Amino acid sequence: MRKIYADAESALEGLTFDGMTVMSGGFGLCGIPENLIAALRDTGVKALTVISNNAGVDGFGLGQLLETRQIAKMISSYVGENKEFERQYLAGELQLEFNPQGTLAERIRAGGAGIPAFFTATGVGTLVAEGKEVRTFDGRDYVMETGLVADLSIVKAWKADERGNLVFRKTARNFNPMMATAGKVTVVEVEEIVPTGSLDPDAIHTPGVYVDRIIKGTFEKRIEQRTIRIRETA
Amino acid sequence: MRKIYADAESALEGLTFDGMTVMSGGFGLCGIPENLIAALRDTGVKALTVISNNAGVDGFGLGQLLETRQIAKMISSYVGENKEFERQYLAGELQLEFNPQGTLAERIRAGGAGIPAFFTATGVGTLVAEGKEVRTFDGRDYVMETGLVADLSIVKAWKADERGNLVFRKTARNFNPMMATAGKVTVVEVEEIVPTGSLDPDAIHTPGVYVDRIIKGTFEKRIEQRTIRIRETA
Amino acid sequence: MPRTREQLAERAAQELQDGFYVNLGIGIPTLVANYIPAGMEVTLQSENGMLGMGPFPYDEDVDPDLINAGKQTITEIPESAYFSSADSFAMIRGGHINLSILGAMEVAENGDIANWMIPGKLVKGMGGAMDLVAGVKRVVVVMEHANKHGQSKVLKACTLPLTGTGVVSRIITDLCVFDVKPGGAGLELIELAEGVTLDEVAARTEAAYSISQTLKAAA
Amino acid sequence: MPRTREQLAERAAQELQDGFYVNLGIGIPTLVANYIPAGMEVTLQSENGMLGMGPFPYDEDVDPDLINAGKQTITEIPESAYFSSADSFAMIRGGHINLSILGAMEVAENGDIANWMIPGKLVKGMGGAMDLVAGVKRVVVVMEHANKHGQSKVLKACTLPLTGTGVVSRIITDLCVFDVKPGGAGLELIELAEGVTLDEVAARTEAAYSISQTLKAAA
């Protein structure tokens, strides 16, 4: 039970400092660590570099940390849904580094896997490759990208056992498993904490070695684009 | 049902040629594609380069392909359990490239993931790094290793559905999932073929996109080192 | 008459082949899913981490944990499998997806594509577009022939920052279809939309192109 | 008296800490699992693809799909998780395993280790040893002080092909325990096995070493 904390606030205790780098899981608003983002805001920590595929929306997800101007820099692939983000960025208050989504995912995976750099064809011949080494393998050009690590990773999973083994649900998995591996400290919020031994050991997505602290959260799970089909009636 | 073949022989039809590179899953004798190795032997294909963590034992697993001298070169991390291997190697009949086990696993993963090269600290300052680029990142030296692909990957899984989604069992997973991604063609043998929709989509280890052909095999599952504890009687 | 959005999607669906694994971009490409021929086995990939994407859910089945790369709620089907975004882009980067159908702002004679950034305007990011064009085996662009100012989007050279270089294999527009010949050999006009003339294409296309000997009017 | 194999394993078990994730090499290191103190939470990793390794099975529970990196049949326990060998070595290379306890043929003053190859003899391969010494946070070597010819295995410089350079933090032998000081600062003798004298260590050690001010005889 050493890894289980009472709430998001206590789970972040002693882990935050100004200027730190934080990875935050999720794709859009799907699978984001809602509870830990709010708790991170409440710590008042400043000048964060946040690595996250997206930047939330106004007032929800990372949008909450933008509102309070706690973020100095974002490393993301797409930030389209956030007016406050736009405003700060256009005003020069916020630094932004765009990474192609797959390069971002692989940089995080590499960081967690002890790989300081790798080559990819993604972005060759584009702005993304500027200032980076380009090398030819087997007649094709590839750009060198570096691994990413963070001082803290905040992650949302579906279930955890008491030893920190994690299972994700559907497309809420997204960036969460890699980020769990790439944080010097990884804090996870889940919908359910189950007794050790109740998860199928063949179906664990993130082994407990990557998980330092766990909380059971409460979730709004806001939907960005509710698209439905209409049931045809007879 | 397009991916399901009647037997190992028909599943390899049209896929083999002399001098080809084959990846073969398994660790020791655990999780090896027994049926496809035997069928590969029966094709009579020659001068194979085989990428496999180990080389089987005399008369079983890849040992069968060594006996018939169909292998020209092995890329492996450990080949300790095979007298015929020793004989051919010492006689200069067999080429051998040793890779550290983790580097081998990552080279295969990289090959399947479109990554032509990556850096690792493994092997720096050893024979493994000779002739390879060494580069310093953040004050530590790393050696550049390249991705591996194969003309054919033969893989052993526990269950497949008709669309090729795979599930592995316990430590029989080992090198199989990466090899499934790194073959130009991937042929899989399983213990059971289940109807599409009966595997938990959150618990699929290898999505069907990586699987070209599937057979239901029969398995001896030989044990290399049967270690047991004695039940204390009252 | 130029093709409508639906007709563009319908034409793009002719690029599908039985057994294909396909990634569809946002916008018109998403509509292609509605035109998969009956009996054809096509598996849709969503780059956030899903293979085997089903249709939009009924209202009562909406699941916030189940969205596509356009952040729309979707459903799973019997062959669905989920995986991480790293595994998803390993699949894309490694060349395991047969076909990507994408929109574009500009495409050039040599297969260059620009679809993520307009200098001076707010940039939202490239998302997975650069990975898709670099990694997927075949990239087909579906787009309006001209931009809203009436200017050709099929160009000698892209003017906007690129998404990828030399990656597009085919361009399907509301007027016609071009093949991008391999090795920088330029464009070839291979189809006209119904009622569209060669002169019309010539007038509205900035890029140079050859005309296929088997040029046919679309059915 | 020099330590027996079992005593070496028992001493090595003192390196364990509550909450540690540990990889044990083949041979004496494997025996360390028998000396994990009661109540201490130590999770064993097997580099073929398992975290949370249990003891050997009872005869009727042997499962050919469940082996450790030494290819021995083992069992699972409640916290067990399986993963691929790529994921396993990502865990090792990424520095997520706290401690590796390994055997060696030679260790040098600077922390170099050789444990996989004797030139002129048949080489079986390095397996995962190079990944473990390069990746795991702390590497402790457990070995006999001398080889079968009576020569010191604790050397000024390794003579055999290396497994890793500057990676060993501590050397536990049947005679004593050395710390490898960081930054190439050499060896420090920190413990003597019961009944072993300083002179005995001096006589049997080729490497130079300093003697800890707090040197204590092992209990």
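Each chain carries a letter (A, B, C and D) given by its place in the written order, and its residues are counted from 1.
The criterion applied here is as follows: contacts are C-beta pairs under 8 Å (C-beta built on N, C-alpha and C of every residue); 3 or more make two chains touch, one makes a residue touch a chain.
Just so it is clear, the structure is predicted and the values come from calculations on it, not from any experiment.
K.L.:
Common contacts of subunit A and subunit C?
P.N.:
B
K.L.:
Does B-D or B-C have the larger number of C-beta pairs in contact?
P.N.:
Looking at contacts between chains, B-D has the larger number.
K.L.:
What chain is the most remote from subunit B, judged by the mean position of CA atoms in each chain?
P.N.:
When every chain centre is compared against subunit B, the largest gap points to C.
K.L.:
Averaging over Cα atoms per chain, report the distance between subunit C and subunit D in Å.
P.N.:
55
K.L.:
State, to the nearest whole Å, the distance from the C-alpha centre of subunit A to the C-alpha centre of subunit B.
P.N.:
Taking the mean C-alpha position of each chain, the two centres sit 33 Å apart.
K.L.:
Calculate how many whole Å lie between the centre of subunit B and the centre of subunit D, each centre taken as the average of the chain's C-alpha atoms.
P.N.:
Distance between chain centres: 28 Å.
K.L.:
Averaged over CA atoms, how far is the centre of subunit B from the centre of subunit C? Could you give it in whole Å?
P.N.:
36
K.L.:
What positions in subunit A touch 2 or more of the other chains?
P.N.:
Those would be 106, 109, 113-115, 120-121, 168-170, 173, 201-202, 205.
K.L.:
I need the residues of subunit C touching at least two other chains; which ones are they?
P.N.:
Touching at least two other chains: 76, 82-83, 89-90, 92-93, 135.
K.L.:
Please list each pair of chains that are touching.
P.N.:
A-B, A-C, A-D, B-C, B-D
K.L.:
Can you list the subunit C residues touching subunit B in their complex?
P.N.:
19, 21, 41, 43, 45, 51-52, 76, 78-83, 89-97, 135
K.L.:
Quick check: in the complex, which residue numbers of subunit D touch subunit B?
P.N.:
46-50, 55-59, 62-68, 70-74, 76, 82-86, 88-90, 92-93, 112, 117, 122-131, 134-135, 161-166
K.L.:
Touching subunit B in the complex: which residues of subunit A?
P.N.:
106, 110, 113-121, 135, 137-138, 140, 142, 146, 167-170, 173, 200-203, 205
K.L.:
In the complex, go through subunit A and note every residue touching subunit D.
P.N.:
For subunit A paired with subunit D, touching residues are 2, 109, 111-115, 161, 163, 165, 181, 196-197, 199, 201-202, 204, 207-210.
K.L.:
Provide the residue numbers of subunit A that touch subunit C in the complex, in ascending order.
P.N.:
27-31, 53, 76-80, 86, 89-90, 98, 100-103, 105-106, 108-109, 120-128, 158, 168-178, 205, 221-231
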